[in-house]
Amino acid sequence: MTLHVENLTVHHGAIQALTNVSFDVKEGELTAVIGSNGAGKSTLLRTLSGLKSASNGTASWKGHNLLHGKAESHVRHGVAHVSEGKSVIPELTVEENLDLGALWRRNKNESASTKREVFDLFPRLEERRKQNTETLSGGERQMLAIGRALMSKPELLLLDEPSLGLAPLLVKQIFEAIVNVTKQYGLSVVLVEQNAMGALAIANSGIVLNLGTIATTGSAQELISNPAVRAAYLGY
Amino acid sequence: MHKLSNKVRILIFIVLGFLIYLLSNNVDELRVYQGAQVAVFVVGIASIILLTGYSGQVSLGQGALLGVGGYAAALSHLHWHLPIPATFAIAILAAAGAGALLGIAAARLSGPYLAGATLALAVGLPSIANQFTVLGGEQGLFFDVGFPPASFGEDFTQYKWFFWIASLATLIAIFWLQNVMRSRYGRTWKAIRGSEVAAELAGVNIARAKILAFTLSAGVAGLAGALLAMTIGTVSPSAFPLALSFSLLTGAVLSGVTTLGGVMIGAVTLVAIPEIVGTIVNRIGATEAVASNLPHIVVGTLLILTVVFVPNGPVEQMRSRRLKKGSSL
Amino acid sequence: MFQLLNTLLIGITSGAIYALMALSIVLVWRSTRVINFAQAGQALTSTFIGFQTLKYVDSFWVALAVAMIAGAAISALIEITLMRVLLKHSSSGAIAGVAPIIATLGLLEVIQATITLIWGGADSLITPPLSNTGFTIGTNTLVFSPMKLAIIAIVGILLVLLSLIVQKTSIGLSLRAAAFSPELARLAGVRVDAVRTAGWALSGATGAVAGLLLVANGNGAFSTASMEFSLLLISGFIAAVIGGLESLLGAVIGGLALGIITSFVLMYISDSLFFIAPFVILLLVLFIRPQGILGKKGGRRA
Amino acid sequence: MSTNNALLEAKDVNVAFGGLRALSGVNLTVNNHEVVGLIGPNGAGKTTMFNTICGIVTPDSGTLAFEGRDAGWPATDQLAKLGIARTLQGVGLFPELSVIENVMLGAQKFARTGLLSASFGLNTRDEKDLRDRAHYALERVYSASISANRAGSLSYPDSKRVAIARALVSHPKLLLLDEPAGGLGAQDIEWLNRLISDLSGEMSILIVEHHMDVVMSVCDRIYVLNFGEVISSGTPDFVRNDPAVITAYLGADA
């Protein structure tokens, strides 16, 4: 097991946001975490990337303890987190946002070739490399956020609602890009999504979170036809 | 929070007044004078507690408002020959007026902007005195409250007279402040400090509440200024330096800025530390430079430590510890 | 006409020094969202360290370099020992918003008392490295001297240098990222704490230059009780606010504007407005354009 | 849905943040004594709609009528006087104040005396009146036994109860509940359901909520927002079976 999470419990002040969450993600697999708002999906990712501290449990990536140390050190162990809401810095240019992701990497030649790959993957970003990020559309920002994460040469990618606020056509494009990236780099991915069917369609396996606990797990195929998925969103 | 009934509170204040009276008869001149200083600081600190501790606005220029009060008292005494209580009332009104103006500006600002604007005020306002001859320039104006009434006897000293006036004014001011802070106005300010949006939803007009806090706080500061002018006998730009603003803020933080309960702690500390440190320094025979600078280092360090480790002040710290232990009252 | 030129040149020179202080304040604000009121004390300390250096080395420029290094070290030390603890402890609670302001004021008091303890008493003198006698044009002598020219040049060079560091280097990119979005910077692997310390160090070095140039711009005399340093802090703060608190260029424009306006007010209206003029300018700016000249809307209620 | 019975009627509300359209052409009506739900996926514009009604966000266009009169877009601090009370997402209490003080703040509009009487301590009857009102409101959501506790020391469910009490104490005609069930356990949710049905006899209620069990069981009508537009509205049964809703929640291929 490469990502190993066991009995993870996290509090937001007095609220228990996650309770005894356990799951594993195998190398090269994409796991979708679905569930309605407030189910604890974002909290899960924020805890794994070191932005939030856990009250209990364990979480490790290839033996590296994810519950210890700061977010910036996890990046150096191959964990990249694209946080909710198009995680880019609007005050910086497109290229600066990308460069930021690779600042900690010593070998500047390797960083440059990674940037080349990101530009090949998202040609739109190269066209706008000198522009302020504020001028980008929602979809372009999401591409930039994923591109920034790729700049750190990650092995584990944590994606938080990449489809949020995007029109259906763009959602499709983003999901396709995620599939491409995953295959190309052999990444392990934890994909948190509201768009359950879209996410399960590209995932290997899925987890349904409900009020901070795991309601159901299974292969993506199983979950698509599972009434629990409907229940988590529609209440029946 | 325990709420005493008004009658009990009035009784407590009368008893306090009597104790102060007894005290003034049993200590030497220096202590009496220091007592008057403590009273001035208590009022000045209380004005910051109202403003910063309750409404959450910071003023680094409170000293300037004391100055407004001091000058107003001196002017009304010199030119209109008003009786002393009336000069105090003028001081309060003048400073409150200045505070209202400042409050209107302050309602638009917050955090560093407000701090910087009030800081600039503290530096700028005293120099206005040099602009108008009526304010007496660098020398300033005399403010002489006169001798104690002859009926108090031969032994009754001038300092003791200062102390009595200052103490009485302080008791009244604190009683009044307590009334206001315990009313819905105090509640409103504390609510704004907590969350402006939530307070607005509960029907609070934020700007109006902030301006009111600035106005009342300035009025109290004006009284402190008049009392300060009384104890030194003059008002001049140098009597209200930037350092005064900082001292009051320090006193407020040491007192615990969110409650009036500890206001004596800060005032006594401000008066006592220079003396205590001075005594120690003399005992170990350090130079005069050490004697005059060490108190500042001690006070500054104390301020930093308080802000970092007991930001709500010693009294609140004790109270919340008691609350955590389980007793709900 | 001649007086006009003189007034302008005086304004530009003192404005350049305000601009340095403003830069120093902006660097700290951008890295930690704190206005450091102790910066007046830090600048004065650095100036005294420069003064002390001059007793051993007979070069103003060496002293300036030493003062810059000392200023950077002091500033970094303050960030590591005080600010980190403070921001961790008092991020919530009744006075969370004002706690950093109060703490830096306490620090100012400690610094001021400490330097008075060390260098107090007599006035100190730093002989300006260049002549302060004005250039002559025909029969007229300008107030503008080689020293003033050097001051403007130094500020210009520093501004270019700082802009290059902030805009073109990776430490600058980290600085900007950490300022605008610490969380995303962390996620990108930026060691935000170290970057903040670097921001404070840069600020300390800039403040040291401001302090030494302030002294060199005058007759070279200064003391631990110098009112000029309190004024430097306030002018720097006002300049930073005029510039919008976020932008380096804004700080420089704010500083120059403040210097020139003040200079004209003093020359043509009354020289006793020295203390009150900056305050009036600040209030005008806050009322007319609360976000500063280059500031963006909505940043004011930070 | 526009009938004489309408308490709140928002018409053609448009809000944009920069280039992003947060609400476009939203029409929303709440009738007297009706419980209305406002649901939708993350970022659909639900909170923006609440903020617009509460004067926290100023819309680019649209009208708001309350009790049949054009209410303009009211200033936030005037809502209580108008008869609208709102709870905030999360808790929104003032942690430094005691529970009873928190609730008394909501009753401020009933205060009759001013600064002068407060100065002389002559406001005791007024204070007692506010205190009694607060006490009564607390009893409705909980036993009033926690009234002296500091709000910051309460458990999460208790804080939510107090927040509702603070809204109730102003006797609103319209109660806006922003995610009242968020973070609550099963027992507390049951309590919330009961409270809402109790209150619906006295006032109208508009709820933003993610917890579908709550929405489906307490609401008379539901509006579904997606991308800032109302994509469906009607009874709970109608909405949950509307294909547009299912697609919005589960994704394109559902």
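Worth pointing out:
Order as written gives the chain letters A, B, C and D; numbering starts at 1 within each chain.
Please note the rule applied: contacts are C-beta pairs under 8 Å (C-beta built on N, C-alpha and C of every residue); 3 or more make two chains touch, one makes a residue touch a chain.
Source: prediction; values computed, not measured.
Common neighbours of subunit A and subunit B (chains touching each): C, D. Distance between Cα centroids is largest for the pairing of subunit D with C. Chain pairs B-C and A-C differ in how many C-beta pairs they share in contact, with the greater number at B-C.
Centre-to-centre, using mean CA coordinates, subunit C is 49 Å away from subunit D. One inter-chain figure worth recording: subunit B and subunit C are separated by 32 Å, centre to centre, where each centre is the mean of the chain's CA atoms. Computed from the mean C-alpha positions, the centre of subunit B lies at a distance of 42 Å from the centre of subunit D. In subunit C, the positions touching at least two other chains are 94. In subunit B, 193, 258 are the positions where the chain touches two or more neighbouring chains simultaneously. Counting partner chains per residue, subunit D shows two or more touched chains at residues 96. Chain-to-chain contact here is organised cyclically: the chains close a single ring, every chain touching exactly two others.
Every pair of chains in contact is given here: A-C, A-D, B-C, B-D. Considering their complex, residues 1, 6, 9, 176, 179-180, 183-185, 187-188, 190-191, 193-195, 197-206, 212, 258, 320, 323-324, 328-329 of subunit B touch subunit D.
Across the interface of their complex, subunit C is touched by residues 49-51, 70-72, 75-76, 80-81, 83, 87-92, 96, 99-101, 103-104, 148, 151-152 of subunit A. Looking at the complex, you find that subunit A touches subunit D at residues 12-15, 17, 36-38, 138, 161, 164-165, 167-168, 171-172, 193-199, 201, 229-230, 233-236.
Residues 170, 173-174, 176-177, 180-181, 183-192 of subunit C touch subunit A in their complex. Those residues of subunit D whose C-beta lies close enough to touch subunit B in the complex are 54, 56, 76-81, 85-86, 88, 92-98, 101, 104-106, 108-109, 111, 115, 118-121, 123-124, 126-127, 130, 146, 148-150, 153, 166, 170.
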